[in-house]
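For reference, the structure discussed in these notes is given below.
Chains: A, B, C, D and E, in written order; residue numbering restarts at 1 for each.
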Amino acid sequence: MTTTSAMHPQVAAAEIPPVPLTVEGYSVLHQMMRFRWTEWRSLPEATRRSIADEAGTALAEMEKNSNGQSALYSLIGHKGDLMLVHFRNSFADLNQAELKLAGLRLSDYFEPTSSYLSIIELGLYDSTIKIYKELADQGIQPHSDQWKAEIECQLARHREAMQPRLFPEIPQTRYLCFYPMNRLRGEDKNWYTLPIDERARQMTEHGLVGRRYAGEVKQIITGSIGFDDWEWGVDLFADDPLVFKKLIYEMRFDQVSAVYALFGQFFVGVRVPAAELIRLLGGELPEQAS
Amino acid sequence: MTTTSAMHPQVAAAEIPPVPLTVEGYSVLHQMMRFRWTEWRSLPEATRRSIADEAGTALAEMEKNSNGQSALYSLIGHKGDLMLVHFRNSFADLNQAELKLAGLRLSDYFEPTSSYLSIIELGLYDSTIKIYKELADQGIQPHSDQWKAEIECQLARHREAMQPRLFPEIPQTRYLCFYPMNRLRGEDKNWYTLPIDERARQMTEHGLVGRRYAGEVKQIITGSIGFDDWEWGVDLFADDPLVFKKLIYEMRFDQVSAVYALFGQFFVGVRVPAAELIRLLGGELPEQAS
Amino acid sequence: MTTTSAMHPQVAAAEIPPVPLTVEGYSVLHQMMRFRWTEWRSLPEATRRSIADEAGTALAEMEKNSNGQSALYSLIGHKGDLMLVHFRNSFADLNQAELKLAGLRLSDYFEPTSSYLSIIELGLYDSTIKIYKELADQGIQPHSDQWKAEIECQLARHREAMQPRLFPEIPQTRYLCFYPMNRLRGEDKNWYTLPIDERARQMTEHGLVGRRYAGEVKQIITGSIGFDDWEWGVDLFADDPLVFKKLIYEMRFDQVSAVYALFGQFFVGVRVPAAELIRLLGGELPEQAS
Amino acid sequence: MTTTSAMHPQVAAAEIPPVPLTVEGYSVLHQMMRFRWTEWRSLPEATRRSIADEAGTALAEMEKNSNGQSALYSLIGHKGDLMLVHFRNSFADLNQAELKLAGLRLSDYFEPTSSYLSIIELGLYDSTIKIYKELADQGIQPHSDQWKAEIECQLARHREAMQPRLFPEIPQTRYLCFYPMNRLRGEDKNWYTLPIDERARQMTEHGLVGRRYAGEVKQIITGSIGFDDWEWGVDLFADDPLVFKKLIYEMRFDQVSAVYALFGQFFVGVRVPAAELIRLLGGELPEQAS
Amino acid sequence: MTTTSAMHPQVAAAEIPPVPLTVEGYSVLHQMMRFRWTEWRSLPEATRRSIADEAGTALAEMEKNSNGQSALYSLIGHKGDLMLVHFRNSFADLNQAELKLAGLRLSDYFEPTSSYLSIIELGLYDSTIKIYKELADQGIQPHSDQWKAEIECQLARHREAMQPRLFPEIPQTRYLCFYPMNRLRGEDKNWYTLPIDERARQMTEHGLVGRRYAGEVKQIITGSIGFDDWEWGVDLFADDPLVFKKLIYEMRFDQVSAVYALFGQFFVGVRVPAAELIRLLGGELPEQAS
């Protein structure tokens, strides 16, 4: 079914890989924990201050880390009192951040309730199809050394161009919404058996909705296949949390979400700068910085 | 496939957005907790009274809050002993309410078991279709600036007219029933891929059942997409809890419930005014105020 | 498809409501709890006796309550050590029973593991169809005031006639089996979209199996839509627990169970009269009263 | 559709009950528990010995019980450290065994993690069909008194003949594998709506696989419909645990397992005779008795 | 459909068993646990050192065990702080390793959160088909004594040849990813009812993807049917954890994964040599050995 020219023997369409290319940035860890208010309140005022100072100082450093920041949120509801988000250069650095926190005296009052391990990921559906077709046109066999080299070369260019989105600072919005998600692999409806062109089309449609909220919400997608229990983790940052509902509700009618999206737990928190930690531990939610 | 008149170039039906418009009111937090009776009973009588007085005073203030009330319920069964419902102007205010409670001495005897974060929401299916059609008839492109402005103008009018339902007081009934729910996105039956006209028709049919119980039960619907683990939270208020069963059972035969409704946990509680908290903590359920 | 006579304009069959009528009796609460044997055994003998006496006295009163009894069971397996079943006139009375138990010193040794809130319910499938048809034949519009009055009048008659089954004493058998259940709302097989005649037919078939065990097992059905996480709770009382398996296994082949029944957890307990509580707390299961 | 002879009016095939006959033996309880090693190790050596002696003596008696034995296993993995299996003549006797254990000082170091309540059951698919057909040929109406008497008479004969399999000793193998299971009641594939002949055929095929492992593994099937959260519990006893995998993997390709089997948690333990309990509590797994 | 020669009466194709042959190696236990940092930090420095030394020494021995090694990982996230992987010659040896750990003073600071019991397994799909066909061609009846002897003889040869893969050392990479998985037995898509040739074809396709990552990741497959709650456990070892995502994402588009793979929880850890345990317990993740 494929014709072969003398110059460029074509690669059969069926051999075009179904896997979209991705580029990755920071490793990311979300830590959710309860705070033992009863035990905390039973401490003398001076001890509380000293413990909070130690933690505030450590957190302030992490906030300014040039190799990946950390940020603290006050969670709403029983899933946790606090959420820490860490961006780092490696999983080992994330683990070291956990160990550092576990070493703070404040962590005697933490009870871990959940967590999520992932890595900032940009999916390149459109570029993938373009690259695969060019390489096929050039008669380069998928997964051959040349093919891999060409693709790595393209990915390197994307990584370079997308550097600010792969290694971002943590946005300074008042609210954060985090949730993990999967693509459906049902008996009848299965994302992973759709042709790559169809997946790309649906992702483009999906992206159009997101763009309508560009000024109101910042979205960071992280990949977690092989790292945690869902395939992706999504962070939405906004000053008005109503936007989380509007955006996600509107997206739920996209084909890719309506049919193929499965969602885990949702966590919503209010940003607390390290400098305000002591106020939060006194029972007062800091005002929004203006 | 679309015809264009000189005056009003028509917008293709397929481009009419599938998303129903909504207006939102109070932010809402449900907090369910166990009460540590054993530790509580081990306190001296005077200490118990002092702790209960502090909590009763704080709760009485929240009950009368003009910017959104709180209410206390004695839960039936092991899912919790107490449930607090908070209506507030923002998620930050809800978080501050949580922190305030966590600061009460009484909360040393609380163990959070569950919670739910949502926002009072009125869905406008019928108005949505009407507005979308009018804007299409005027040839206004969906998601254009003009389209957005026109819709925002309509929503503002609805918010104004529905102010009392968006920012209500907490009804003073003896019983509350709370549960979260989703609309089904099955492989074959999927609410989110139905045409908006069909969804509107089913919601209207559903509403007719609700209206039959108008005098017996008050219903407050809250939206939680992007906030918590289900799509909506439902609060039913009634003096006779049997009405909860009758209403929900009758609705379960509506197409929208029979086919498309998924339900989470149900919580049923008896209202306890702040002034009666001390009696409840003494093991006595207050009589119904008449 | 319907003919209209001059005298009685007929109501269209499609307008016959799909909801079966029910009558309700006692409110019911099941409480499952672990018993802290280690802490209990560490108490001095006299303290244990005093605590057990207080609890035994309270429970003995509840057993004889003329407004709804309570009964105690020793549960088998790790789901709990004890189960209390309360029949009462209202949910508030159930909540008050919980509070009373929580006030006993013995409850310092209780850890709640589960519970179930429901109300004794008799479903009237056959009468429903008969009543609906009669009212339709009389041309009375469903949900009109007259229709509601006629139905309420019929229900009142059923409540009167079924009084002993709606407000029963707790059967004095050696064993109790409790489990909650739902009717399936699958994408293809959906109980709630079946015609009411078909549901009535299947329920009748189901009832025939139950009748074969009439002398060996007593069944109490409670409705829990709007109250707890399943739609119904079932209590089976028998002196030989093997009958639980025989009855439920035989029923599982009925169409209504094979296709439409979903089951929750099963709890099996041995009845312990209040007078024998102290013996149970000494580690000895009372003999069956003869 | 059925012909009626003068002598034996035939019973319609459609009326042949779908329920396979079963005979039952010992009541069975599996108890899984964690052992509090930290607290245990903190005891003085003499106290440990005294506590272990008390428990060892009680367990040794249970091992030799002529009315149903008990056996102890050291579980592998976090689901528990110990598993006790009790065979008894009644559920009340099982509950008494639980209470007896709860009364041992050693049980201060137990934390129940799981359990399973069931009864040894032999399914008689082939005999059932034979009996049903004979009774139908004799024109005896299903569920008539005569029908019930004839069946009870047949079952009594089976109980007599199968006595050793219904009331067995606990096999003395090194390893035990326990798991609960269900038969699928899916929307499309439903075990309980298959004709009894087809179910019998699949069970026979299934049994052939089991017979290939006759010398290597001993299997005890227990029924738990109406008793616990799954329909059956399976115990496999072997000296080489690899046989568990081989047997279950081979069976998984049988139609009855491939299509209709659902599995719960698997528990694997190493047998520890009562006489070796003290060694186990010292951290040493006893050698296999030869 | 089969012809029978005088010499070799052929075995019917339908009788060729559907079960792929496997060979097994080390028994494997994964243990995940939380570490009680608060209690640990409250110990005097000298006590911590002494406890850590005892544990480090025991672990160092296990690392060098010639009958199956153990390895320690620092887990990322709330699923646990530490993971121990044990390779041993038998399940009893695994249980003894658990008991040995439980006897260390350090284990006073462990809380088990999860575990997994399995056995190293090499599936022989291609060889299976070849062997089954040869035996069928020779007219040897499946499951006859001769058939079993011939197969055992073939398996012995495979075990011999694959000895290093069945009894490997634990790879010395920086990162480990562990997850359990099942093959789908859906109502429509069912791995276990596919013909063995089709399963073999899909497994071969699946293997091709794995081979592309040969230099970057080492994979050990363990079988757990009959041992734990999933059918297989997968360990991936790599120095760059991004490879876990790339490999598993690419595989997810294979038919055997896209349609038939179900995944459990994912655990990702950083290798910590026994000699570095004391450093880890001081809150510092050891550098990667070079």
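Convention: a contact is a pair of C-beta atoms (placed from the backbone, for glycine too) under 8 Å apart; a residue touches a chain by one contact, two chains touch by 3 or more.
What you are looking at is a predicted structure, and each value in this text was computed from that prediction instead of being measured.
A.B. asks: Chain A-chain E contact: same residues or different, taking over half shared as same?
C.D. replies: Counting which numbers both chains contribute, under half are shared, so the two copies meet through different residues.
A.B. asks: Taking each chain's centre as its mean C-alpha position, how far apart are chain A and chain B in Å?
C.D. replies: Distance between chain centres, rounded to whole Å: 29 Å.
A.B. asks: Please compute the C-alpha centroid of chain B, do the same for chain D, then give the distance between them in whole Å.
C.D. replies: It comes to 47 Å between the two C-alpha centres.
A.B. asks: At which residue positions does chain C touch at least two other chains?
C.D. replies: 187-188
A.B. asks: What topology does the chain contact graph adopt: line, ring, star, complete, or other?
C.D. replies: Topology of touching chains reads as a ring, each chain with two neighbours.
A.B. asks: Round the ring, from chain B on through chain C, what is the full list of chains in order?
C.D. replies: Starting from chain B with chain C next, the chains run B, C, D, E, A.
A.B. asks: Can you tell me which positions in chain C touch chain B when the two form their complex?
C.D. replies: Those residues of chain C that touch chain B are 17-19, 22, 24, 29, 31-32, 91-92, 94-96, 98-100, 102-103, 107-108, 112-117, 119, 143, 185, 187-188, 190, 192-193, 223-229.
A.B. asks: Can you tell me which positions in chain C touch chain D when the two form their complex?
C.D. replies: 34, 37-38, 41, 74, 76-79, 81, 174-175, 177, 179, 184, 186-189, 212, 236, 241-242, 244-245, 247-250, 252-253, 255, 257-259, 263, 265-266, 268, 270, 280, 283-285, 288
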